[in-house]
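Below you'll find the structures, each written out as structure tokens.
Both complexes below contain chain A, partnered by chain B and then by chain C.
Right after this comes the complex of A and B.
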């Protein structure tokens, strides 16, 4: 995955959320699937509903809104998260 | 002043939640799919011979639903040799949602390129695309057969039905009103739908 690639929530479909403390469930109207997300995953997906960002920009947004240590491991963590969201059809590459 | 204090406290809690969550080694994203409660029979022969003699509670055939093939499945692209159609609307503009596609001019695979066009119910799908059938005839046998044709073509490891079987189901029903699942055993359109539905999640 190229770190310069930009991502956003898959256009044309809605994400319906319900959140309890540290966990969220999200229903994707495009697939009919429901996913359970931890708070970081939910934060990233909610951010990509509003913005089109690359991995560096996602990490920067997270670091502004949390006390997370954004080291190399964290970059790998976010890369895995983006890959998983993409596989599930929750997000797509920005084609612009 | 108290409002400001409350807001600050809320922000700190949110920051703590994110920090705590970061401890996980891998991102926590679990898919909670809805599956048949009683398990499933993934093949016609299994359905015919299994009945009460076999515990199917852990069997999942993992076919996608027609709703998937009308939405995200279309957006991601149908499996070869089938084509969902170009994402161009009736004004000739690009569109993002499959329901907005101008089906007749989309270049999508026509129902009658695969199946007998005229159903036993008298509905003629000859000039409709596969995607158009899914969006226009929700709940019909055509709607299920299109979805399961695409499941069969997708290479889902646990999905056992073949494209030829799905085509045969539709074509027999379209011409005679039933499908001969085994010699002398005939399924109605509703039987076929029920069988296909329990192979999807």
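Right after this comes the complex of A and C.
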């Protein structure tokens, strides 16, 4: 995955959320699948519902909103998270 | 008319002939069978259930009959037919009644999308219901049987049925399916209750069915408010504990253990969301049935009950 690639929530479908404490479930109206997300994963996906961002921009947004340590391991974690969201059809590459 | 109004011989003749139209909760099942063990067990365990006044309509048309040809003599088998279609392989004839119970569950679980149906037991007291989802072998049916013999009303021991129109739980009081050690445990725990014959060496081990209480059957039209979702686990010699459980994880478990969550799509998500949001969710460990029932009797009830 190129770090410059930009991502956003898959166009044309809604995500429906419910959050309890620090966990969320999200229903994807396209696939009909429901996913369980922790607070970081939920934050990333909610951010990509509103904005089109690359991994650096996602990490930047996260670090502004929390006290997470955004080191190399965290970059790898977010990169894997983006890959997983992409495989699940929750997000897609920005084609512009 | 109740099944108990028929003699066993009359009932067996009727079941073998045009069949019966059995009411179980919101469903009517047209059942035909020439197998004596099926007639005997239905007559015993469904004695308080009613037959439908009308024979014009049934939700499911079920037939259980012995395999023909050489199978009449060599390792006899039972065949299940649903609307004339045979979805399952035959089983040994000695397992005919358990097959009836399993296949009736299958009919309901797979053909009733006006409800969200979860694999779980459900019991009720004072209008409030506890849903007990759990994998096999965790003591779910034993606990459900114990509670139903000590003042809780049986809604169902296998299928928790949530009505989508008002998010209430529907009763489906049918015999409780007990396995292996649970059979003798419950025979001793509730000696006045009737049990069907034990079927040995089924896919689930030894299986016997416990008759539901008359109260559970009579109140088959009385819905209940889902209030608690409790994951029971029997652990020998373990102290009793009731601990809050993650609602989001309970949601996912509920979705994965529903028969029709995916088929219902967005409606299924909204129903599960409402259910989880309105219920207290717990993990429950127990080793003593009396203690477990005492704990259930102390479950926190919604405020409106306290106001009554």
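We adopt the following convention: the second predicted complex is superposed on the first by the 96 of 96 C-alpha atoms of A that agree within 3 Å, B and C clash if a C-alpha of one lies under 4 Å from a C-alpha of the other, contacts with A are read in each partner's own complex, and residues count from 1 in each chain.
Note that a residue touches a chain if its C-beta (ideal position, glycine included) is under 8 Å from a C-beta of that chain, and two chains touch if they have at least 3 such contacts.
In this text, all values refer to a predicted model and were calculated from it rather than measured experimentally.
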> Where does A:67 make contact in the superposed view: on chain B (first), on chain C (second), on both, or on neither?
Replying inline: first
Discussion item. Contact-wise, after the overlay, does A:16 reach chain B, chain C, both or neither (first, second, both, neither)?
Written reply: second
Notebook entry, point to check: So, does A:3 touch the first partner chain B, the second partner chain C, both, or neither?
Noted result: neither
Winner on chain A touched-residue count between chain B and chain C: chain B
Ask   = Should A:41 be classified as contacting the first partner (chain B), the second (chain C), both, or neither?
value = first
Task = Classify the contacts of A:25 with the two partner chains as first (chain B alone), second (chain C alone), both, or neither.
result = both
Chain B and chain C footprints on chain A meet at residues 21, 25, 29, 32, 34, 36
Given the complex, residues on chain A that touch chain C span 16, 18-21, 23-25, 27, 29, 32, 34, 36
Residue set of chain C touching chain A in the complex reads 246-249, 251-252, 255, 261-262, 265-266, 269, 272-273, 276-277
The chain A residues in contact with chain B across the complex are 10-13, 21-22, 25, 28-41, 43, 62, 65-69, 74, 77, 80-81, 84-85, 88-89
Residue set of chain B touching chain A in the complex reads 14-22, 24, 26-34, 65, 67-68, 71-73, 75-76, 96-98
